[in-house]
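This structure is in structure tokens; I'll ask about it shortly.
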Amino acid sequence: MTRMRLDLFDASRNLDRGRPAWFEAAWYLVKIVFFLSAMPWPSSVKCKLLRAFGAKIGSRVVIKPRVNVHFPWRFEVGDHSWIGEEVFILNFEPVQIGSHACVSQRAFLCTGNHDFRDEHFSFRSAPIRIRDGAWVGGAVFVGPGVEIGDETVVTAGSVVLKSLPAGMVCGGNPALPHSPRWRDSK
Amino acid sequence: MTRMRLDLFDASRNLDRGRPAWFEAAWYLVKIVFFLSAMPWPSSVKCKLLRAFGAKIGSRVVIKPRVNVHFPWRFEVGDHSWIGEEVFILNFEPVQIGSHACVSQRAFLCTGNHDFRDEHFSFRSAPIRIRDGAWVGGAVFVGPGVEIGDETVVTAGSVVLKSLPAGMVCGGNPALPHSPRWRDSK
Amino acid sequence: MTRMRLDLFDASRNLDRGRPAWFEAAWYLVKIVFFLSAMPWPSSVKCKLLRAFGAKIGSRVVIKPRVNVHFPWRFEVGDHSWIGEEVFILNFEPVQIGSHACVSQRAFLCTGNHDFRDEHFSFRSAPIRIRDGAWVGGAVFVGPGVEIGDETVVTAGSVVLKSLPAGMVCGGNPALPHSPRWRDSK
């Protein structure tokens, strides 16, 4: 017998889903039709739907097709930000994306986590914050508890397991800061 | 002219598909409706369907939406295991997942391979085994022939090209063991 | 206020979409039905559709389901090449795939890029060329401006940010050449 015992996992421990089941089910249906689908619904429609389900979405946010948002009531985006095709926002815990930020195609913002040294594998999810002016490149994985600093660039294909400071160009698996983004100090 | 000659590839060499074409086509249709779709069909229904097509699935297995299983007749899962959203199980060769194991969102278990030093690119696929109590993190790639040992954790975004021993926390590209999972020897 | 100003982004600067909006919309509908869908339309049908929208596609090209091609009018494939399930070809700029080449499941060929040192984040996309006989493995990311040399193999899960020479086996994040593909000099 293993020590890991998923039969004893308690789905409610360390996870308050935040909304009643009927509300979550309603969101899921809306998500299938307007978000997971490849149909090019206007971003304005999608932003309104997200707000109706509790998200705080600023003005002129662009949301491409096939974007998966788990809990809109834990989702916040500033103004003029972009979310690319096939982005997966698994936000058991809050995901905040600032203004003028870009999350590119196939990026995966994953707040979900488990305490793997607990035999019952209890939730240990944590928020993600993408600050103003940051760019999360294509196919980047961002893990739970990560903050990506203001105007920081994460190059495509990187795996971000720890927070990254502001104003840097970062990359790799695991992602590390490599050089400043802006070459002057204007 | 290149030495690589895909026109001379023999799709039947080193690959026995294991079932007649009509059976595979029937599975494909079931897969589109019940597995690739975002519709939240109950896991119990999906487990029954997998079993009807030849899989060995234990009790209380959780299968989230948008999971792609190539050949159910080469798929085996123990009890109380979880398979997350968008997991891709490309099992030309058998994939065995133990009990109390977790394969997280967007992981890709890829048994498919080719002998790239053969000019006809012949199949060189190999089974994958995820042992009891193991956790394959989100967006992890697991390659052909890999065995992930009992209770081993592979951190998100890793690329597993070689087998990993039991009881370790592993990660990176390529994934290597970093530290023991359990901190005592209970 | 950040220096990054997505409100001042000019979508037409450094990007000529190459076709009128109605043409692009028609392609998008065809793409939803025949390409993004899991329906196993024959490759021959898909090749004809791609050609009808401006692609140059050779003979006996195999295109699996759920392949996303952004602009067929900037897409060129030689003879006897294969494109696997869930491959994403984001070709704002031309993508050329040679003959006898294989692009495996979940690979992402991304020509899209932005000048992140420009405050208006202007486009800086660049073509991708996969030469004859090359193999781009599963879940590989290929970035803008990359050329993958003749018969070069990129192992699964790699991130290719710079061009790779001909005849090599390459891998990692970032991908680097490791050894020659062919062991003789026939």
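Order as written gives the chain letters A, B and C; numbering starts at 1 within each chain.
Assume contacts are C-beta pairs under 8 Å (C-beta built on N, C-alpha and C of every residue); 3 or more make two chains touch, one makes a residue touch a chain.
As the structure is a computational prediction, the values presented were derived from the model and not from experiment.
Chain contact topology: the protein chains form a complete graph, every chain touching every other one.
In the contact between chain A and chain B, the residue numbers used by both copies make up under half of all numbers at that interface. When chain B is fitted to chain C on its Cα atoms, the angle of the rotation, on a 0 to 180 scale and to the nearest 5, is 120 degrees.
Inter-chain spacing, taken between the CA centroids of chain A and chain B, is 25 Å. Residue positions of chain A touching 2 or more other chains: 159, 173. Chain contact summary for the complex, chain A toward chain B: residues 2-7, 28, 31-32, 36, 68, 88, 90, 108, 110, 112, 114, 116-117, 121, 141, 143, 159, 161, 173-174. Interface residues of chain B, counted against chain A in their complex, comprise 38-40, 60, 79-82, 85-86, 99-102, 104-106, 132-135, 138-139, 150-151, 153, 155-159, 169, 172-173, 181-183, 186.
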